[in-house]
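Take a look at the structure below.
Letters are used for the chains, namely A, B, C, D, E, F, G and H, taken in the order the chains are written, and counting of residues starts over at 1 for each.
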Amino acid sequence: MNENQTKPLVGIVMGSASDAPTMHKAAQVLEEFGIGYEMKVCSAHRTPQRAHEFGAGAQERGLKVIIAAAGMAAHLAGVMASLTTIPILGVPMDGKVMGGLDALLSTVQMPKGIPVATFAVGNHGAVNAALFAVSILASSDPQLAQKLVDYRKAQTAMIDENPPAA
Amino acid sequence: MNENQTKPLVGIVMGSASDAPTMHKAAQVLEEFGIGYEMKVCSAHRTPQRAHEFGAGAQERGLKVIIAAAGMAAHLAGVMASLTTIPILGVPMDGKVMGGLDALLSTVQMPKGIPVATFAVGNHGAVNAALFAVSILASSDPQLAQKLVDYRKAQTAMIDENPPAA
Amino acid sequence: MNENQTKPLVGIVMGSASDAPTMHKAAQVLEEFGIGYEMKVCSAHRTPQRAHEFGAGAQERGLKVIIAAAGMAAHLAGVMASLTTIPILGVPMDGKVMGGLDALLSTVQMPKGIPVATFAVGNHGAVNAALFAVSILASSDPQLAQKLVDYRKAQTAMIDENPPAA
Amino acid sequence: MNENQTKPLVGIVMGSASDAPTMHKAAQVLEEFGIGYEMKVCSAHRTPQRAHEFGAGAQERGLKVIIAAAGMAAHLAGVMASLTTIPILGVPMDGKVMGGLDALLSTVQMPKGIPVATFAVGNHGAVNAALFAVSILASSDPQLAQKLVDYRKAQTAMIDENPPAA
Amino acid sequence: MNENQTKPLVGIVMGSASDAPTMHKAAQVLEEFGIGYEMKVCSAHRTPQRAHEFGAGAQERGLKVIIAAAGMAAHLAGVMASLTTIPILGVPMDGKVMGGLDALLSTVQMPKGIPVATFAVGNHGAVNAALFAVSILASSDPQLAQKLVDYRKAQTAMIDENPPAA
Amino acid sequence: MNENQTKPLVGIVMGSASDAPTMHKAAQVLEEFGIGYEMKVCSAHRTPQRAHEFGAGAQERGLKVIIAAAGMAAHLAGVMASLTTIPILGVPMDGKVMGGLDALLSTVQMPKGIPVATFAVGNHGAVNAALFAVSILASSDPQLAQKLVDYRKAQTAMIDENPPAA
Amino acid sequence: MNENQTKPLVGIVMGSASDAPTMHKAAQVLEEFGIGYEMKVCSAHRTPQRAHEFGAGAQERGLKVIIAAAGMAAHLAGVMASLTTIPILGVPMDGKVMGGLDALLSTVQMPKGIPVATFAVGNHGAVNAALFAVSILASSDPQLAQKLVDYRKAQTAMIDENPPAA
Amino acid sequence: MNENQTKPLVGIVMGSASDAPTMHKAAQVLEEFGIGYEMKVCSAHRTPQRAHEFGAGAQERGLKVIIAAAGMAAHLAGVMASLTTIPILGVPMDGKVMGGLDALLSTVQMPKGIPVATFAVGNHGAVNAALFAVSILASSDPQLAQKLVDYRKAQTAMIDENPPAA
């Protein structure tokens, strides 16, 4: 099962099943924070109706944030952003042409009026989108805000100042 | 009025009114061939419902081809392609980041299953998309096919082999 | 044998034998739709006469569409487009410099007057060019048009909304 | 005065005074929504202490979101993100090298653990970052959420479907 | 008249009349060396037959070198190279997408077996292609070789070591 | 232990432990010259305080040069440069997007007033940054300057003019 | 006159007289610090002997640092670095292809063994190379080191935290 | 031994021994045509004197053409071109940053006055540079010109029009 027990606050959509290994990293972050999420494969191009239903009904289903991951001409985040006013976070997937630059530009270069918050290409972006989703939820949840501060501190503490030996 | 008298066979959609000067060049080509067209501003992101209606109803309205022009994270052609199986022609608009490369990659790098035929960035692409639309219509209209051959010959004949003097 | 039994309506040309694995994916799509095709290795640069004969005689041989695949300074689609007025579909092949961007730009940036419809770099583009060829043929063949709608629906249905487990 | 009367919830920082014309567009959006903001020039490199104070004290000053704009090796958003856990929105400024691609990559390619939500290069990104800030605040403010929905509707309604005449 | 009196040894072809201002700079270099040339507008795509005749008959007409200039999907040099074994020099023209990178890659990335010697984008490349043509002719013409050495010395001597005052 | 016995004159910082294999190559060069160094993992984003302490205290600790290596949105060198006036040498790490171009642009495109001396992406850059650090120290140490001349001579002598057989 | 009265410690070379407006900005920084410099036009390609003499004799003439500026295939800094072991600072000039990326890559991507410290494209890089030259000289000149600290402080103080009004 | 028996007419230089596998492909082409060549490792940066001697003495040693191969900030071809007026052919080597684009731009973007004829990145370019050298020598050697025509014909004949089976 892709959803955890608590009521989903974050929707994770991906353009292809092949994006799942990357997006499970986002899901894992949400689980560490005890945030409910739902996770779906939902292509802007091949399942446009499913994408439409996911985006148009998101707010009503109680979602507070959507993380949308796609590669190549990555339109999924943009489609979500066109259908709802809740925050949309875009994660460009790796690709062959210029190392994912196609997906990055397709996600970030949104026109005035319909924002997509874009993160780094691939795994780094997936983790960061999840952490950013937490920071949005934390802005009205002091307990979660504290958890996020603690997570950050732990992350800092884990970085050994001594590099591994040659 | 943006439409000519004959029944529209080609739909021209553009993501922003600022794309009109470029897309009028496409319209002019269609007029030279006496092909009816309709022309609309229709943003994938800011008017998603209008885009949906345009694309989903295209075939029923009698359109045989859609030319979709957009800049930046150019999703309009992709959205059209997701909604209908008639041929979609994409024209990337000029932009600041890498001279329109954002729009080019966002238009051409479509995933397997949902094709968008992409043309050059800007004016060249607009004219060529229109000529390509003519070639599609010509594939079942011998008279139009002949017109296209004549147009090509005239175009060739017009190119003076002597360069202008220094 | 590279051709199927029915009369070829689509010509598939590729600049090098090494492009065959990619272009067989295009051929397979045409076979699924029962569309006859011919398939040739034909380099714009190393076999210019063969390219010329292929392109100049295409229409007379009954071809309705040509799919041309090439890498690097990918001129094959442009050469075809200069020799005939039937629709030319270009598929840029993967390459080392910028991940195929050389082939993409060489294919898509055609000057005003001679259109090449360009698709994504590599396998995605090969499949999509074939589907696009089907859509052109379908524009005057209602039965084929219905097949294409059915193919699209089946494609949509095959996409499981549940991502594979982590 | 750069701040409006209401208590600032959004901080706008920019790396250089020359970024002000772009960032005033972000400020204007916040004013339309009646959201208090503070706006400062604050270079990651030339005024690191000011940047540190701005970022480290942001949450305590009551800021809920920071919008950070910078060009070239655009580090300002990253610096903010390293100093606080509230959401940081990055706006890359136009530049000469590859049309702002330097600032885009410097802003978006953040390593795992420290997210920066990145928007389009230049004016489009500035407006969208502000709208995204509104969407974050709206996630715990139903009245603001409604305003955002209304703004979106008005924006959609304003887009005339008829392109300007040639 | 575009040709000078002496028997043409160098052919200058350009894809469009708009390339003439750039290519006149190449012609001027040849004139300085007293080398006969012919100069034609001859598009690979819009006048393929003219291009074919120019290239296929070049050697017979007495041409020793061809300089081919084109922009965008710059195929002209490649077409020439496919039709003759005399040296082909390619000059990519400026363009919007990535500042002429499209023409550069379309000219230089020739496949194994059909070489095109490529020079810098725009004016620098035009002058250098002409100088390179001179160096080819000079390889069997000691007098011309001496002229080239003198030209180089004069060029070196003309570069004042003192920069212009601020 | 990452430091050698002599008093550290050069600080090597890297954004992630995964950069260590590359930066050990820099350390090895310093050891060949008998130059003391200290080497730390110190992320601009995940350990900003550690980065601040390293940079702000560098001069006082006796460091004469800092070599800072980072990937992606590589801010570490810029952060160091903002905190001290001793020379900062930046080494961009390899990455997926455009082969490290993200790190290169993030390191080199520093705004007026805060210089970072940037070297090639990856191993070449690491070795060269170390050699450059030696050249800085050598500018007031004639013995070291002589060692550097000898090193260069030995390097030259080691390059066999005969290529390895096919 | 391009040199000031004091003994030159810094050499400024540029590949073309057209680079002078940019490099005068570097000279001005050195003048503010009272550092003697010499300034020459000296092309790696068109005046190779002058370049050789400049580089090979630099150390003997008392130069401690060389700043080398060039555009396009910017080899001047690399040539200097091949001829001397004193620190070489490279400044890539603006260009058309990808906004100076050609010069940036030609300057920074030096092979292992011959370092060139590279700065931002154009004016920013010119000023920063000069400041970096000061930092090198300051590493054995406490008075100059103090001046540099003061300069930095003044620079910081000059940045008004209030952006200019809209 | 890297040289064949006949008097060398072509010089092949490469910046690093690691370029040898690629440049042996060029040598092999020359051998097929019975053209004498010499082949040396000769770095513009690490063995500048050897490079100088190679280039400055080339014409006197009887060389008619030089093929220069290098990677990264590929200056070797430019250095050769600055030292002699015989034709210089540049071959950019593969690299990590943008797939050899650094070497391509460093080789091709030569300033007005000092031409380098540039070929494709890597193996294709190496073979083509050799074929181009043959075409230069053939321009005053009818027998060699005929051999080149035959080689081209054989190459064309070898390309099977049937693609390999799937």
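Simple rule for what comes next: contacts are C-beta pairs under 8 Å (C-beta built on N, C-alpha and C of every residue); 3 or more make two chains touch, one makes a residue touch a chain.
Treat the numbers as computed from the prediction; the structure is a model and nothing was measured.
Fewest steps needed to get from chain C to chain H, stepping only to touching chains, is 1. Between chain A and chain G, the superposing rotation on Cα atoms measures out at 180°, rounded to the nearest 5. One inter-chain figure worth recording: chain D and chain H are separated by 52 Å, centre to centre, where each centre is the mean of the chain's CA atoms.
Chain E has its Cα centroid 35 Å from the Cα centroid of chain B. Within chain F, residues 43, 46, 72-73, 95, 97-99, 101, 104, 108-111, 113-114, 116, 120-121, 124, 155 each touch two or more of the remaining chains.
Looking at which chains touch one another, you get A-B, A-C, A-D, A-F, B-C, B-D, B-E, C-E, C-H, D-F, D-G, E-G, E-H, F-G, F-H, G-H. For chain F in complex with chain D, the residues that touch the partner chain are 15-16, 43-46, 48, 52, 71-73, 75, 78-79, 81-83, 95, 97, 101-103, 105-111, 113-114, 116.
Touching chain G in their complex are the following residues of chain E: 94, 98-101, 104, 120-122, 124, 155-156, 159-166.
Of all the residues in chain C, the ones that touch chain B in their complex are 64-65, 85-87, 89, 104, 108-121, 123-124, 127-129, 131-132, 135-140, 145, 148-149, 152, 155. Chain contact summary for the complex, chain D toward chain G: residues 2, 14, 17, 19-21, 23-24, 27-28, 39-43, 46-47, 49-50, 72-73, 95-99.
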